[in-house]
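Read from first to last, the chains carry the letters A, B, C and D; within each, the first residue is number 1.
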Amino acid sequence: MRSLVLSRLAQLVLVLLAVTFLAFSAMNVLGDPLFNIVGPLAELDCDAVSRGEIASTSSSLDATRTDCEIVAEAKAEFRLDEPLMKRYVLWLTDSARGDFGTSFASEGVPVSDILKEKFPASIKLMIYAEVIALGLAIPLGVYGAYRANRRPDRILSVVSFGALAIPNFALGVVLLYVFGLKAGIFPSSYDSSSFRTELTSLFLPALTLGSGLAAGYQRLLRTDLVTTLQEDFVHMARAKGMTDRHIMFRHALRPSLFSVITVFGIQTGALIGGALVVEQIYLIPGVGRELVTAVVRDDFPVVLAGVTIIATAFVVINFAVDLLYGWLDPRVRAKS
Amino acid sequence: MTFTLEQGEMLGIVGESGSGKSVTAKALMNLLPRTAEIDGRVRFDGEDVRALAAAGSRHFWGVRMTMVFQDPMTSLNPVKKCGEQIAETLRYHLGHGRVAAMKAATDLLEQVGVPEPGRRVNQYPHQLSGGLRQRVVIAMALACEPDLLIADEPTTAVDVTVQKRILDLLDSLRKERGMSMILITHDLGVARGRCDDVAVMYAGRIVERSSTETLFDRSRHPYTDALVRSIPRIEQPSHARLDPIPGRPPELIDPPVQCAFAPRCRYAQADCLESVPPTEGVGESHEFACHHPANTPRGREALANNVAAGVTAAGLQISYRKTR
Amino acid sequence: MRMHVPVNSRLAKLLGALLSLAVLAISCGEGDAGDESVDEIAEDDSDGTAVVPTVTTTVAPTIEGGITPGGMLRVGLGAEVDGLNPGANSMATSTYLIDFTMLEPLAYFDAEGNWFPWLAESFERVEGSNSWLMTLRDEITFHDGSSLDADDVIALFNAQLKDPLIGLALQPSFPLPFEGPAVERIDELTVQFNPIGPTEHFPVNLTSQLGMIVPSEYTEATQANSRKNQTLVGTGPFMFESRVQDDRTIVVKNPDWWGGEVYLDGIEFIIQTDQAIAADRLAAGDLDVVITSNPDAILTMRESDNVNRIENLLSSDNDLMMNTSRPPFDDLRVRQALTYATDRDGFSALISQGTSEPADTMFHPDLIWSNPDVVQEGNAPELSQALVDSYCADVPDNCTDGRIDMEFQHSGPSVVQTRIADLLTAGWQEFFNITVVEVLQDQLISNVAIGEWQVVAWRQFGSIEPDNEVIWLQCATADKFIALNWVRYCDESRDALMLEQRQTADLGRRVEIWHEIQVNMNESYAYVFMTHANWTIGSHERVQNICPQFAPTGEEIFCSNAGVTFFHDTWIVE
Amino acid sequence: MKTLGRPFWIAVGWLMLLTVLAVFASWLPLEDPHEIGAAEARLGPSSSHLFGTDALGRDVFARTIFGARISLLVGLLAIAFGMLVGGGLGIVAGYFRGVTDQVISFCFFTLLSFPALVLALLITATIDRNQWTVSLTLGILSIASVGRLSRANTIVFAEREFVQAARVLGADSTRIITHELLPNVMIPMGALALLGMGIAIVAEGSLAFLGLSVEGDAVSWGKSIVDGSQARDLENNPNVALFPIGVMFLTVLALNYAGDRVREYFDVRETAF
């Protein structure tokens, strides 16, 4: 157990290093950080100015400095002239201390403040979606397996197949329109003023995300349960006179949860910051939307911090899933 | 084919794998899939078992009638502690509280000869040896003191050295509690000496049923006969060849209208291929289904004819064997 | 990792935020890109003549009965704002709407379009100079308890002057480096402004961002910590309560407002970038007020029985701009060819969907400034071919397969902008090889400001006072690295005309001059005027009295100035 | 005897039909998908405009068929790329094990940990977005999951007798991989490819919702759906959004179903990852 934890921790650190380096270099290669700092001045050919080929300009109203001086200062301040690797290491040491720097786009605002503001909504949405997904998938998966290959199971199978094929954005748009705007049953935008309003206003987005997940979980659970139900210990439980409900939920369910849990881990990790389309449709001030904006604006510090935190969450959740295996099946515990 | 079992008696059901022993047991336990078609009736203490099932009788299986499966590893839920698995039966059927049920589970483990029962209740099945696991299964089955215990090949999956001890345990518990028991086995030798009655199954039918003594001394059905001959004997020289039954059991799907054993039977005559032999009785206690029963004049004649021809009516090549 | 030098960080956004200089929501795109119209802060020499653009209002009869105080008003805004600080942030329609609930201007326009002093008690020309003396009202207190005095005005004005962005718009009157103080304290309640050059009607400047007064403590605090830009302290009818960026801003009633009783308990500004959805929410009663120029939203509101509207068709206009400083649009023939090939009718029918009127010039035909003889050309592709052939014969490098190579930039992602691009390019592609480039809105503004563009769809002009438009048309700003004259078209004679109208008080002469300027603009083919924007304030029927609103001193406030309005005289009936 | 069953062939038929329509769209008697004002804007479905017209008066049916070109192509190319790179790496990792496996598996996990849409955004926001680059982007996203599955399957098959036998007989690694492993790993991979294509088609739609699908006047399902999803269009002309949504739904359904059947047919056990 302890070695598992240690090796997973080592993996976590390595993955984070890789992910952040990937993001860091991608943003530097694909984007233009200088433009974010000095705007169009980045386009100035300051080498030509220094050679005297182009006249020096001063458009900043700050008479003490020429445009090229401003560019040079910015480069120095943000270490843009340093090699990529060095900048990465510097960034890494800063962020390891929890200092993600300040945003390019919202001047002077610490990135950690921005993310602190945006993460809660995303995490609430993720939890809500998973609660809906599991809340639907577990009973329906159990029911499907209980009635395997009979009419209710077939109907469920068709429904879950259909639910899997509906794109999130289509469902989101339609649910918003029908239940949010026309029927007015649910609020059409996020309202965090109280727990109740949050519960109602996040319902449609959570359902949008949750229905597809539920369908996936239901299918996995049903398949695994059908296999489990052929096991002797299930017969044994029936021979002991246990009720069907008891057998399904107390005996068969737990050993059938492996696939669901695995996918659950991956999906949950992906949902943090991955719900950006739904956040966009329902105007939820979450980290997904923040990241979209940050990426298109080349707001490096925000993107990097977001990616780091999301990747951390992903790795940690999957680590937790590995631990869950142990809870699900004591044999796994014994092995590790 | 019907059979009855009196209180405190032990019935052996013997047959090769695929002969329908386990299906019979599952039918008795109402464990067959819902899609299975079941003809016939099972009466327990005068009550129709399937009617009980349909009525959703809550405390019948597990309380009055229960079963032990062959593989203790798979018949124990790997993710629940042994004690819990025993206790849940007590809690459900007898309404024990959590603590009382655990106490009772520990006692049960002790009764079935599990050492250190207090520690074992908190262990998972994979932490126990095969023999111990089967004892746990037995304890689980006996928890509510059933009237009838069906043991489906309870020893096949455990170590040879443990087999006898498990069987002895079951036997002694049965006697102690005055419980009826059905022992399902492919090994006629296991049934001998323990069962009061034995039923031999072939291709889903009981082909012969009688008291154990009668069966061993005067087996009528050629299959039973062959089985009896195939039991190794202590007095036999160890190098002696066992008497195998040629061929394989038939497919049970869409069988032809004939004696199912005919293709493998050294006694097979033309009539065996034309009709399914009816059940005949030598008195109440001995029944069999064969046109040319072994150890009877009819049978001897048939065998002689076949030996002479070198081939049975079903096309089985035979020769007279010197062994025995 | 990020900057600590304030000037540097301002510069970072300088051009991106140039949007605050123009009424340029870049065409009716506020649908989903968060485009946003912005009110002008440009310097202004209006003569006080009443040249009132009539606001077309369509108001359902209000329910008779007494005023019922209480309730929160939920206002849907099409775009979020960077911050609330008039000394540092770009002021868009959303910002004005939010800020005017909490703070008050030194002066504002009355219902006739004339300025009147609001927080100021009086304005007075200083004889023999260009300076103006302003006396503040006594005993006005801010929400933080401090009293309004000259220092507050000076702190803010200096902050604005130093701001590279706001200062840029002030350059014509207050160029840097400034000799002597731009603004001086005379006594506790008196301030002297010292603009360069004659400014007949300086107070008009103070009707906008420049005159939105905050306490000097606030100005200092925001300079020390830009996070504070997300809060606001003023003297107004409502007080800052809370704000979550991209979500909502809440203000609550100021019980001690010097202007008397405020009916609402508070106002909740909610961001709803899709304005059509905002209109649906308004009809569903989920919002109380929606302010928009989005055609879909306006149509939805028109169809809703329970929504009252104030539609103002006179404000800004949607147009195309061509960059006359770069090939190929430095050539008149190319500009003409594009103009002829432009599907103005299609734009009007399919994009505006009849919510706004076709535009021939920068002025709505109902305004006296408008020259009825000027006609905007378009929908005549048959005229384009000869021009294209002629150009391509002269400059074959800029042509491929007999068509002129060009680039069209639009902001996005935005469904409406994409539609506009599809519509326009469909008309042009017979004569032009078009590369369509979609960029973020601030990127687009920045590109336009530094001349890195060829053709864009834009929103421009439409001020209450035409003198405000001079800054966008002058040669003086045409050839700079950053040009406020976006199209970079320079005509000395036009400059002379604009200077002349600035110096005369004769309304008739001014109208004549503006008529001439419109002819000049029409012949320059740098703009293709498409439609006049329709700014609509929609309100749920339970909302009473969006207009008229009255200033504390009794003047009726100009209603719906390009969507900007006040709420202190508004109430809700249940 | 297992059969693929009639619904499977219906699904395949639908996919074939769409493919044929998309490939031959230019030669079919369709309206010009770009022509503005050819008909009145925002018409409902009728015999002359099967799916009605959109806000600019363009024929929605023609746009859906032409949109299939980009959407199907993007789906196909994306998963093909994922298969080529991810599948290849997975087989190499599963066959050689050891350090190679550790390095490749680590890369997969890293890719998987990287927020997918952010990665897509990073790429699409900075490059010219045409069908090739969008496909490439989505292909990169699929590498990790495809690779992990191919690795897992390779490991299973590498233990089998026929591979062991080939090894004993002295076949070199390249031969074993291409002749023994590839054909066997192809089957579960083929099933996954069908599912993956559906995911890629939906992902194109998601990118369109963020304004990051193919640029310019190229038509895709995602772009059509976004265009029709404005609140007012949903109310008055739901056909503009719902028809492309329906076609996309049926296509993804067909792909999912076909993939599922193929997997069941070849008795590939459902693996989580």
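Here is the rule we go by: a residue touches a chain if its C-beta (ideal position, glycine included) is under 8 Å from a C-beta of that chain, and two chains touch if they have at least 3 such contacts.
Note that the structure is predicted; figures quoted are calculated from it, not measured.
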Item checked: Pair with more cross-chain C-beta pairs in contact, given A-B and A-D -> A-D
Margin query: Mean of the CA atoms for each chain, then the mean for all of them together: which chain is nearest?
Written below: A
Check: Approximately how many whole Å separate the CA-defined centres of subunit B and subunit D?
Finding: 55
Notebook entry, point to check: Any idea how many Å lie between the Cα centroids of subunit A and subunit D?
Noted result: 22
Margin query: As a quick test, compute the distance in whole Å between the mean CA positions of subunit C and subunit D.
Written below: 46
Next item on the list: For subunit A, jot down the residues that touch at least 2 other chains.
Entry: 181-182, 296
Note to self: Give the residues of subunit C touching no fewer than two other chains, as numbers and ranges.
What the structure shows: 277, 280
Item checked: Chain-chain contacts as defined at top -> A-B, A-C, A-D, C-D
Note to self: Please output the residues of subunit A touching subunit B within their complex, sorted ascending.
What the structure shows: 231-233, 235-243, 246, 250-251, 254-255, 328-331, 334
Notebook entry, point to check: Tell me, which parts of subunit D touch subunit A in their complex?
Noted result: 106-107, 109-110, 112-118, 121-123, 125-127, 198, 202, 205-206, 209-210, 225, 229, 231, 234-235, 241, 245, 248-250, 252-253, 256-257, 260, 270-273
Next item on the list: Report the residues of subunit C in contact with subunit D in the complex, numbered from low to high.
Entry: 31-32, 274, 276-277, 279-280, 296-297, 299-300, 343, 346, 349-350, 412-415, 418-419, 422-423, 425-427, 436, 438
Note to self: Going by the contact rule set out above, which residues of subunit C touch subunit A in the complex?
What the structure shows: 1-16, 82, 164, 167-168, 171, 176-177, 225-227, 244-247, 270-273, 277, 280-281, 284-286, 440, 446-447, 449-450, 452, 480-482
Item checked: Residues of subunit A that touch subunit C when the two form their complex -> 36-41, 43, 57, 59-63, 67, 70, 73-74, 77-78, 90-91, 94, 100-104, 106-109, 113, 117, 176, 181-182, 184, 187-190, 192, 283, 285, 289, 296-297, 301
